[in-house]
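Chain IDs A, B, C, D and E follow the sequence of writing; residue 1 opens each chain.
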Amino acid sequence: MLDDASISALLLTLKLAFLSTSILLVVSTPFAWWLTKTKWKGKGILEAMVALPLVLPPTVLGFYLLLALGPNGPLGSVLTTLGISSLNFTFAGLVIGSVIYSMPFVVQPLQHAFSQTDKRQMDAAATLGASPLDRFFSIAIPQVKRGYLTAGVLGFAHTLGEFGVVLMIGGNIPDETRVVSIAIYDHVESMEYSQAHYLSGTLLCISFVMLLITYMSQQKVKPS
Amino acid sequence: MHPDEINQVEKTLSVDLSLKKNGFTLQAKFSAPAKGITAIFGPSGCGKTTLLRAIAGLEKNVTGSSQFGDVDWIHSDIPTHKRNVGYVFQRSHLFSHLDVRKNLLYGVKRTDVNKRRIAFDDAVSLLGVEKLIDKSVDTLSGGERQRVAIARALLSGPELLLLDEPMAALDHQSKSEILPYLEKLHQALSIPMLYVSHATDEIARLADFIVLMENGTTYKHGPLLETVADISSPLAEQANAFSILEGECDTHSEKALLTSVNVDGNSFRIPYTSLDGEGVVRLRIVAKDVSICLDRPLRTSILNVLESTIVDIKDNEEKGQAVVKLTVGRQFLLARISLYSKQQLSLAVGDKVFAQIKAVALVR
Amino acid sequence: LSWVADASDEVSKDGKITVAVASNFLSTMKQLVHIYQQDTGRVVLLSGGSTGKHYAQIIHGAPFDVFFAADAIRPKLLEDKHIGVKGSRFTYAEGSLVIWSPEILKSKTHDSISLDHKALAALLASRDIKTLAMANPKLAPYGKATQDVINALSPEGLLSRGNHKMRVIQGENISQTFQFVMSGTADLAFLAHSQVLDRNITGIQKERYKVISEHYRVIPNALHQPIRQQAIRLNNKELTRLFVKFIKGPVAKSIIESNGYNIVGVTDAG
Amino acid sequence: MHPDEINQVEKTLSVDLSLKKNGFTLQAKFSAPAKGITAIFGPSGCGKTTLLRAIAGLEKNVTGSSQFGDVDWIHSDIPTHKRNVGYVFQRSHLFSHLDVRKNLLYGVKRTDVNKRRIAFDDAVSLLGVEKLIDKSVDTLSGGERQRVAIARALLSGPELLLLDEPMAALDHQSKSEILPYLEKLHQALSIPMLYVSHATDEIARLADFIVLMENGTTYKHGPLLETVADISSPLAEQANAFSILEGECDTHSEKALLTSVNVDGNSFRIPYTSLDGEGVVRLRIVAKDVSICLDRPLRTSILNVLESTIVDIKDNEEKGQAVVKLTVGRQFLLARISLYSKQQLSLAVGDKVFAQIKAVALVR
Amino acid sequence: MLDDASISALLLTLKLAFLSTSILLVVSTPFAWWLTKTKWKGKGILEAMVALPLVLPPTVLGFYLLLALGPNGPLGSVLTTLGISSLNFTFAGLVIGSVIYSMPFVVQPLQHAFSQTDKRQMDAAATLGASPLDRFFSIAIPQVKRGYLTAGVLGFAHTLGEFGVVLMIGGNIPDETRVVSIAIYDHVESMEYSQAHYLSGTLLCISFVMLLITYMSQQKVKPS
């Protein structure tokens, strides 16, 4: 059986992953759409920048985030003047870290998906009285469901296993920032291999079941 | 809701726009009255689709004006979804993620209840898509797609209908069911319709006005009757050149299986049709169905023989044919005969002749 | 080149050794190796990392010649498993723990090098301290020592101090704990002495580092189990032996000491 | 390479296949001789496209046989790319990532040099796509797409051509340029062609055989002349019912601007056309262009009046019309007249009458 | 200036990233295609399994790979009987680790891309004489260029920053398995912050330039 600490870590992880993925999907949608549609010459710069957090080792990225979010850091000082105390070592901070780190896995598939939307069907929708926003929600988004699946799965799974950033800006506080990846890591480091196996196994099982349900439901809705 | 029940302000579309895209330039200037279908006619690639798209607001960088009712769509920068057009696209453009029913309902949902022009079930049965209603659009045949597209456009309560070869993929039967409805619709609703077609028979039947295009330019436009009777227009050169006569219904002789139509004092007999309204009816006569005799032919199955005067003749040496323009009261009739016959009968402008008309189609 | 001079068969065949070093000792080891390489011309490759990782890797055949652990447990285990060379285990450094806090300036004994028991307890009880940073006691020897200290000072536990809540943030190792401090989010931290000794930190972190190096006190060794960092040879190669010999030598000792470690000076073969 | 220069074995397509997909069942049985175009005719949604796809090997779960030359494609499980068919799809299906030129070259590259039937440049100019050659296919108009698709299929050196409404999006001019080429191609190459069309004029012009479909089933098939002259076939009910006569070229009287064609001893005069070969020519006569007189009409512009016998009459009370089947030597001619005229002239089977033919089209 | 060690780490990283990404693209192509086309009910299981390596913390995944690839591990013993000595702590091992860990970032976008290929254009290609393989290369792949871009960028960037797995099965051996992410990590761990900043900056710049070139070239080839 899992002990309380593990269960709490698991729940925290799921909460983090759900929250981050949701935020990512919401934030990335307009961004990816804009990237797809804009004719702005400089968009390559933005596209490249989205992928950049990926190339740094997570702990290092975490370190920089830690500095940025700290009271003296550029982001932290802004937050402080807004009356928000530092987000380091808080759950909110974890969410921010995860969002930044998993962003490319959500933006890129969505952008790819949106680039496939059928301009002509969008035109048809316009002639049927649908405003741009309406068209976006009634035509573009439903047609890229598969892109959302990819984006969601990658973002979710990556947040689950994400570890370096979370370790760094989370500070491994039980119930608040100790996610399951850190717990497993701790077990491995302290040679508690059987606990590590057990917890890993549980995480894998849960993830597997969730992914399986996602994919299976996807198979069903496919047009015959 | 039946189309006839709706009353509304008549709006006219006046277009004077131009647009450049890559190698192609569109220059269009014409107006389409609310009462009447305006046909757009021209060879493949001449810019008909581009014109419709520009009117619907789907093309960028359109300059000029596109006045609909009181509003200049281009000047006031009205976006497509506020122009309230119904557009049947040349390649249907059905929503691939929705089934047929949801495709049809898409526009319905976005239309004010009091702007709807046709009930859902009516549109469905008119276009014969009942059996398709739950199908995925990917499984439709070419004609089925087009029927769904027409129904979808009608259901969105348009104030202007743009139809881009809506019948091209349809069989004769389907066409002959949908065409009368379109006629009725536009008469009852007084909404302008722009109708792109390569089929001169469809145009003859439906259109009141015609816009002729070539190389991106609308080089001629006007009422159909005048424009098609213009012997020098490229239309008269077509194998299926035709003329159109308007007349009034005379007596119905159901026994004789004939209906008689009075065109400026001349009586035309056509196969019996029950004409509901009195009003003006329209006869389409294909030029090659008209022959010319110097004597009145007797004991013939040809029902319609008129005395007439030749007002114009245009020879086409290449094809060995001539088009002859004849008077019918104040209206005109085109006849296509061989140059040989023209010479044999030594026909000339001003001659009194008999026009022998093999086939007359009651168009409306 | 000097290393050719004392070349044996092995030395000439394989000119370099690879050494696994605990992250917290990595910078000190770099200084040592620098000197060693200058003196002898022999190449020593360093593989920094956590002791837990290194241990797992060595078990699975990692090609390391010497293992400098952050604790005494893992070298012992290797010795017991006959992966490490029997009898080659020794304590190369003993860490000493410091406490860091901006609050320290307020305490009366601010001019002395270390704090006494009472001052420490008072510091820990201060209501101004909201975030305490320490190394994970499960993973890092410094964390374990920190735990000892805290237990000694407030046996009932840190978190049960009435309604005064203190957040305890734990670094994976002592380096990470230091990074927490760097970010300015922690009010109090237990760090390694080696970390707070002034070194030529340049760039944007210079100011911050100054703040850190001016606000620490050494914690009396009596308050915790010794933080013994042990090393073990993983083979009997000549080059390996030569390097270990150097580490045990006087030059190395002084460098290690200058980096904030105590040298016990005894080879612990126990 | 000019089509005429190629010689090859004639292959016949014999189809007897069936297939079920979701709600739809296809049952097809007919054969398409190598010498001749086989038209597939039927209402929208009856399964024409599905049939063509099944023959091309693009449908799954097809049972039965589809014998082409010596090989049973279905039985031997020959995949599409080895069937060597040229397919012009109803909705063109151009490759969206390639420009026009690369679309055209796609099939060329995959065809043995000695199997190619038409030179690249010839196909390009025949279909009038010279100006489009470097365009992205997304920018093509509907008709342009279709022309590119036809060219692409021709260039792939097919042994069987499947054409799914290839002309539906084309204007009269384009059609009248492409049709003769298709005729020539199939005559020169002796490859079977299946030609789906809703347009009876195209069918009349092109087809030698016809397959009639309804609800997924091929209910009638046979040589076009026989099948269309079958007064009880649904084809005869169509507004543009027609008959086809085959004859031989008589004398060319260039002066008189007329060409004369001998059909079983009857001479037909048609506007002058320079006929290059001697051989058999074909005349299409639309039923409504034929009128019936009891006396021989004189002094008329109508060139062709024949003595004939009535062999069959079919009334259509609903439309007030009758279709009359007349002899022309050993061949047959359909005339559509009003029921009124039929009564007036009291026409009956066996009567000797004069058929007055307003328009004769030389089909080939 | 970068010292020799850093340059060597950078080069090693680029080599690893290019190699892994290439292998991933090659291996994932048939796999993603098969996943897209198969009607097999169990494909959801495979799809879920591809994403699974993501949910484990990288070091932990690395730990399991270490066990698997070790002489007594399931993979390792197979390799041993094949006469290949253990891949742990070798560059080849790193490549295997990166490939496994970055697999979902390549398979998923490709699968998504392939699911968008136009069946009708494939049919058209068949009638023009193209065999299934030919169609795949001449129609499917060129039409999903954008999917390859997404897959390549995500796979590449993830391999660059990938760290936990590499650290574990690579062992941080200079010139052989010390990639730049580990080097940066080492610098941060040993409080050599300015070196860490410098190396991170270099890595970011190089990555940025590469990504920018990729995206810019993408913009150009778009049809007008």
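We take it that a contact is a pair of C-beta atoms (placed from the backbone, for glycine too) under 8 Å apart; a residue touches a chain by one contact, two chains touch by 3 or more.
Just so you know, these numbers come straight off a predicted model, no measurement behind them.
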Any chain in contact with chain B as well as chain C: A
Greatest separation from chain B - chain, by CA centre: C
Intercentroid distance (Cα basis), chain D paired with chain B, Å: 27
Centroid distance [mean C-alpha coordinates] between chain D and chain A, Å: 60
Distance from the mean Cα position of chain E to that of chain D, given in whole angstrom: 57
Between chain E and chain C, distance of the C-alpha-averaged centres to the nearest whole Å: 35
Junction residues of chain C - those touching two or more other chains: 53, 56, 176, 179, 182
Junction residues of chain D - those touching two or more other chains: 22, 91
Two or more partner chains touched - positions in chain A: 59, 63, 185, 188, 224
Interchain contacts, given as pairs of chains that touch: A-B, A-C, A-E, B-D, C-E, D-E
In the complex, chain A residues that touch chain E: 43-45, 47-49, 51-61, 63-64, 104-105, 108-109, 111-113, 115-116, 146-147, 149-150, 153-154, 157-158, 160-164, 181-182, 184-185, 188, 196, 200, 203-204, 207-208, 211-212, 214-216, 218-219
Of chain A, residues touching chain C in the complex: 59, 63, 66-67, 69-73, 76, 86, 88-89, 167-168, 171-173, 185-186, 188-191
Complex contact set, residues of chain B against chain A: 53, 56-58, 79-81, 83-87, 89, 91, 93-98, 106-107, 110-111, 136, 138, 152-153, 156, 162
Chain E residues touching chain D - in the complex, by the definition given at the top: 118, 120-121, 123-132, 134-135, 138-139, 142-143, 145, 223-224
Chain B-touching residues of chain D, taken from the complex the two chains share: 22, 42-45, 47-50, 90-91, 139-144, 147, 164-165, 168-174, 176, 198, 200, 238-240, 256-258, 269, 271-273, 288-289, 291-295, 297-303, 319-321, 335, 337-341, 343, 345, 356, 358-359
